[in-house]
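Order of writing sets the chain letters: A, B, C, D and E. Residues in each chain are counted from 1.
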Amino acid sequence: MYSNNYVVVTIFLFLAVLLPIAALTIGRWLRPYKPTESKYTTYESGNEPVGGGQVRFNIRYYLFALMFVIFDVETVFLYPWAVAYKQLGLFALVEMCIFVALLVIGLLYAWKKKVLQWTSI
Amino acid sequence: MPELLQQQLTWVNFAIFFAWGVVLLLVVLGFVTYAIYFERKVIGWMQMRIGPNRVGPLGLLQSVADVFKLLIKEDTIPRKAERELFILAPVITFIPAFTVIAAIPFTDRLISSDLNIGVLFYVALSGISTIGIVLGGWASNNKYALLGGMRSAAQMISYEIPLVISVVGTVMMTGSMNLRTIADFQAGGFWHWNFLPQIIGFCVFVIAAVSELNRTPFDLPEAESELVAGYHVEYSGFRFAFFMLAEYVYVFAIAGLTTTLFLGGWHAPFPFLDFIPGIIWFLLKFSSIVFFLFWLRATLPRVRVDQLMGLGWKVLLPLSLVNIFVTAIYMAIAM
Amino acid sequence: MEPIRLQLSDLGLLAPELTLVAAAVVLSLLDLLLPRQASRTMLGWLSLVSIIISALFVVLYLDPAEPKQLLNYSYRIDDFANIMKLILLSGAGLITFMSIGSVKEEDIPHVGEYYYLLLPATLGGMIMASSGDLITLFVGLELLSITSYILVAMRKKNAFTNEAAFKYIVLGGISSAIILYGMSFLYGMTGSTAINDINSALGQSGQSLLPMIYLSFFLLLAGFGFKVAVAPFHMWAPDVYQGAPTPVTAFLAVVSKAAAFAVLFRLMYGIYAVGDMMSLPIHQDVLTTLMVVAAAAMIIGNFIALRQTHMKRLLAYSGIANTGYLLVPIAVQFSMTHYSNFSEFAFYLIAYLFMNIGMFAVLMIIERSTGDEAIKGMAGLYYRAPGTAIATLLLLLSLAGLPISGGFFGKVYIMLGAMQTQHYWLAAVMILTSVVSFYYYFGFIRQMFMRSEDEGHAVKVPLPLGITMWLCAGVSALLGLVPQWVLGYIERIFSLTQDLFFFS
Amino acid sequence: MQDNMPILSLIAFTPLIGVLILLFMPKTQGQWIKTTAIIVTLIPLILSGWLYAQFNSNLEGMQFKEEVPWILVPLNKEVQGLSQLTSFFFEFKYVMAVDGLSLPLVFLTALVATMAALASVYIKKRWKSYFIWFLLLETGMFGVFMAQDLFLFFVFFEITLIPMFFLIGIWGYMDREKAANKFLIYNGIGSAIMLIAFLILVATAGFGQTAGENGVSIHYSGDLNVITEHLFQNADSYVKQGDLEGNPFFLSEAMKWTLFIMLLVAFGIKLPIFPFHTWMLKVHTEAPPSIVMIHSGVLLKMGAYGFIRFGIMLFPQQAVGLASVLAILGVINILYGAVLAFVQKEFKLVLAYSSISHMGIVLLGIAAFNTIGFQGAVFQLVSHGLISALMFLLVGSIYERTQSTQIDELGGLAKSVPFISGILLVSGMASLGLPGLSGFISEFLSFLGLFETYKILTAIGALGIILTAVYVLRGVLAITFGPQKPSLPEMRDARLIEAIPMIALVAFIVVLGIYPGILSEPLHQTVNSFDQFIHSVVKMGG
Amino acid sequence: MGPAAAGLATPYLTLAAILFCIGLYGALSKKNAVIVLLSIELMLNAVNLNLVAFSKLGVHPGLTGQIFSLFNITVAAAEAAVGIAILIAFYRNKGTTDVNEMDSMKR
């Protein structure tokens, strides 16, 4: 039964969920609880925290996320192709070349538009 | 184990699977404990220091003590933090780290599961950890944590691409995504191991893997000198421990994966050494990779963030793509 | 079974599409490598050249002895597709041409991108026209949609544009999802995504799956209804038309709509209205629904247009009404006495293409000279630029459906088809709403000829816009005078069973 | 001239050539433009006069026929392959011809157009575009009276719409835009209904098949001949299978009634018949006088002409069935128009209502369904065309001088402008039907025709004639005689260019009144054949 | 297989239908533009679930459905990317991501 494999995966998943729960529960029994006000302030190198913590961050992160999405999805197509490549033959290579070439142009575009260049933060 | 997986699911089988899972969990925890110990020790030696030596003989219980300390430490959640997400983040980071281990075959017989999409399983699940890290940074409601989390996420996703694509070459050669099949394919001497024909892929994979692990020289998310401690500034006690745990479990997983994908898994380097059990070979290769990671940490300085991103996108990604086409052309000619 | 594969020789059949792909790639690289200050006009010309080459390839494949197909009918090169492709390409070509030299940098910051994004959008439309498989169709559709979203968002500093683009992508995304949901049921019922397989499988086991067939039909209708902007699903059109840069609006109004119509035509007949499906009750219901939707589009489009003061919004509603007219030939089905659905459809689409692009060219001229997009901007145009006013008059006559113009003959021909199949009420709705449309089309004329006679404020007409406008006006008039040139050709090469139905 | 000369096309398209010439004239050359335009309108007038003379009154049916295929759309190649058809097409032909009914109207058009062009002296602005639209309108009007194909007829009918819109909208009085809109929408709806009816006819009765050398050829045609033939002579020979009711080419009785009513409404709006007349009042008051000359003189006649040509000739049975309704509608028109004309203070409105009243007489003549009635109707068309053209010419010249057309504000014009006042008197007399002028003949014939069938209605209708006398006299006399209003400025009498059209129109009115044979001769044969045709069909059906 | 197998797919189809409806509701009624985009993704994923369920448990099982869903994933990614890009441009101009603010063109 192939589904047994997923039973195993589920067991692993279950254990992975269980461990934190168990550990944190045990920790709660063991650890002290002595709250003071300063313990609950946000850490800012010892200064009084200024403003909110959720500051606006650089747009660059978003651009990287976009690039990631594009190339991650590319792999979705690369994998089945890779598995079947032996049976597909040379023409499949040509097709994949076209596919990858288009994506590489995207990469070049990003490169040229300085998306890949990290400026501070 | 393979036979059990073939059978109809019964309660007995289920109990065996469960027991196996628990055993593996303990093994992993043990690994993490002593990997940390060895890391400190090895780096100590390399830097002409002694390393931990106080708790227990040779300091063997140092990590145990650390864990225990974390366990009984007071746990604070900043008032401004998003409480639910804050609690959830380390858990989310840890879960996939452990779950992916289900896909790794230790020997021919000693496997947890025989997924026919093992590679994909690993890749898909390991991506989830990023979410935990971003979440942790965001939920802390702390500027350092947020920036650390974002930076970490950026790094992880940037290196995930070359990591994933560098594996494609291996998959092509084998024609399967089943990790056991891939390992089996490399039987018969180290010249059949994938790291030779896939040398580009191997290099890209290792570099990307190191970065995925947020380890030196790519440990920017935790850059103390820049961002205090990255995404887990606000974490303390066992919540913090889970971030660390996840990191070292990933070390385990990556080492196992590298062994399977590129270093022939449980196969001996020379056919005449086949009499030695596969698990020994596996552990040997596994350990050397872990050692390699420690070694790197002791040796290399941290890269700058712009170098980091540049390397990922401008070098590794094109290289991994080149690897695919080199492999494809080679295979087309060989066919 | 030997798996069906694309062969190297098949690439030749894809020449029109590949031309556009290659051009888009080359242009994007050129745009990247050109220095920042360099003028991008050259890219526009190159893009135009590639469209022309692609069109030449299509012409080369016109009227094949037997329709060609790739990958087990998932891609069809037949005359239906070829004619639609020619329409799409000429639309895209005209729009590119009129943009050259008249699209301002401050208006669209990335002119290069604008030019080469038009190519994949057109390509998406061409794929849609050629697709014989749901997956191919969907990929084409999304290629068109996503590039259109970007094109709409091109003026990124403009608040209206952003808003329009966001509305467009949200509603476009929803409609894509709805289409997909419908397709998933078609696939689930038949286990295939090829249109002819779906049709035959449904025909055999349709009786037991009737509720699901209806569900899939309504989902598809709603989804494509969004894409073509037909009446109950038209809400996005006015806002998006208003917010988008004018040439992009023209693109949406013509090329995008034509492509969606091509698919609608193929799907509605290919799946629901031929073969064994004709024996199921759904066959009739499908057509009735289409008729009701068409009538609703005509009524709503024309009546709401009466209240518009903004030119693009008005053209959006007029476009909705035209969608209704274009649906009529699809809805009235083929009968023993009526086979000319496609030529009716194609002819009106051609007429619509020219008159609308012409109108948008006029709009751009007005925009440039007055900066006003309200109808008031046209006031006294006749005294400021008599030539432009006369060309506009010709275009408006065509839009309103007055002789002698392509719009008029197109409508008459469509109505004649409705008469032949005895759908008198539909024809009546069509013509009566056309009369309603006189009011607002003549609103333009009133502005141009009867208001504000000061002649000081001269209108400068950039050459490409002027040429486009006159070309469109001329073709509109010519289509009315000698419609048989176009119609005859379509009728001569278009073969019902080979090019639309998949009996082969 | 040769026989094969396309005289009709020549008449119809000469104005179009004029348009081309005008396009290339600089717009500053006002005098030249005007002269050119008048010369251009003169050519069709001369040609149609020649046509009138050449017309053979003894022949039945159409003369001077020109036939050219225009839009010919072959049908799907697949369908041709499936059966033994050699060709399968839509066919709209360019067919122009005249018979006794259209001939006088063509001449009337040419005449009124020339007169109106002369009267265009009152137009103050933008000569060039004015005359371009004017000439385009003329082409449309000629086409309407000559076209023998439904599609072609419709095209010409619509062509008259657009220039009228501009002519009213640009050169009209204060409320011109509203008037133009009203004109457009009403007539648009009318022509829309007409188009539906026409298309149904093309799709059913227009279907025909002819056996050729290689097989059967099938076509849908808009040719009036073909449609008439299919409707009456051998309807079932075109339908092979026996089941007539289910056949798509067969017009059921109900369908025929629907079509007839549609045509009645469509042309009724143009005519105008009572409830659909409001647009026409607006146009009469707001349009420039020279355009009202054309509108009242010719365009209204298009409604009557279309109704006779298509409504009655294609659906005689229905028409005869509705004869009483038509008669009643006619009487309503007469009385309504007359009564309202009586109470108007604005002279243009008096004339507008009088037009409604007079067009009622046309309806009466038609409703009689005998030769006399028809003759009366056609006489009335021509005569009213001449009279109303003359009336509005006068209105134009009066307005030019006094800046007013309110009856109250005018008075005693006979003293200051005797010539104009005299002509106004004459036209008033013609309008109320003084014997010896054209109005008398037409009214007399119409009522005589109707009297044979509907005696009471005739009597009531005749009441309208008395009312007509009252309101016309009231209006005309109040303007010409009585004390001269002090507010009126100094005036000079008609200039030569005004006097020519006035005299010409009066001359035609008088000639028609004294020698009606000039019109009845070419009309005679046609009307007779119409009558025979209707009665034969009705007998066959009934 | 047969109707019995089709029955197996029913829970998945129901789930997909529920997800689709939630997505549609969210896309049409939510105030925050990001949630709107997310809802659209939810709709697309509901479709994927449908396709995969049909391809595994439907009346005519086959791989096509899974291939179709691969294409969907790709397209959804592209659409989300463009959507967020447009949203960012909007945010820069207006300083908000509230959908209710997008009414400047209604007249």
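As a working rule, a contact is a pair of C-beta atoms (placed from the backbone, for glycine too) under 8 Å apart; a residue touches a chain by one contact, two chains touch by 3 or more.
By chain, UniProt protein names: A = NADH-quinone oxidoreductase subunit A; B = NADH-quinone oxidoreductase subunit H; C = NADH-quinone oxidoreductase subunit N; D = NAD(P)H-quinone oxidoreductase chain 4 1; E = NADH-quinone oxidoreductase subunit K.
Since we're looking at a predicted model, the values are computed, not measured.
Student: Which chains lie in contact with each of chain A and chain D?
Tutor: C
Student: Any chance you could name the chains that touch chain A and chain C both?
Tutor: Output, common partners of chain A and chain C: E.
Student: From chain C, what is the lowest number of touch steps before chain E is reached?
Tutor: Counted as steps through touching chains, the separation is 1.
Student: Could you name the chain whose Cα mean is nearest to the mean of all protein Cα atoms here?
Tutor: So the chain nearest the centre of the shown protein is C.
Student: What chain lies farthest away from chain B once each centre is taken as the mean of the Cα atoms?
Tutor: D
Student: What chain is the most remote from chain A, judged by the mean position of CA atoms in each chain?
Tutor: D
Student: Just the chain pair, please, that has the highest number of C-beta contacts.
Tutor: A-B
Student: With centres defined as the mean C-alpha position, give me the chain B-chain E separation in Å.
Tutor: About 33 Å, centre to centre.
Student: Indicate the whole-number Å distance between the mean C-alpha point of chain A and the mean C-alpha point of chain E.
Tutor: Chain centroid spacing, chain A to chain E, equals 21 Å.
Student: Which integer distance in Å separates the CA centroid of chain B from that of chain C?
Tutor: About 52 Å separates the centre of chain B from that of chain C.
Student: At what distance in angstrom does the C-alpha mean of chain D lie from that of chain B?
Tutor: 93
Student: Which chain B residues sit where two or more other chains touch them?
Tutor: Correct list: empty.
Student: For chain A, write out the residues touching at least two other chains, lowest number first.
Tutor: Residue numbers touching two or more other chains: 72.
Student: Touching pairs of chains, which are they?
Tutor: Touch list across chains, by label: A-B, A-C, A-E, C-D, C-E.
Student: Can you list the chain E residues touching chain C in their complex?
Tutor: Spelled out, the residues of chain E in touch with chain C are 9, 13, 20, 23-24, 27-28, 33, 36-37, 40, 43-44, 46-47, 50-51, 53-55, 58-62, 64-65, 67-68, 71-72, 75, 78-79, 82-83, 85-87, 89-90, 93-94, 102, 104-107.
Student: Would you tell me which residues of chain E are touching chain A in their complex?
Tutor: 70, 73-74, 77-78, 80-81, 84-85, 88
Student: Write out the stretch or stretches of chain A touching chain C in their complex.
Tutor: 88, 91, 94-95, 101-102, 105, 108-109, 112-113
Student: Which positions of chain B touch chain A when the two form their complex?
Tutor: Chain B reaches chain A through residues 4-9, 13-14, 17-18, 20-22, 24-25, 71-81, 90-91, 94-99, 101-102, 112-116, 119-121, 123, 127, 138, 140-147, 150, 153-154, 157-158, 160-161, 164-165, 168-169, 171-172, 175-177, 228, 233-234, 237-239, 241-242, 305-306, 308-310, 313-314, 317-318, 321, 324-325, 328-329, 331-332, 335.
Student: How about chain A: which of its residues touch chain B in the complex?
Tutor: Those in contact with chain B are residues 1-9, 11-17, 19-20, 23-24, 26-28, 30-35, 39-45, 49, 52-55, 57, 60-61, 64-65, 67-68, 71-72, 74-75, 78-79, 82-87, 89-90, 93, 96-97, 100, 104, 107, 110-111, 116-119, 121.
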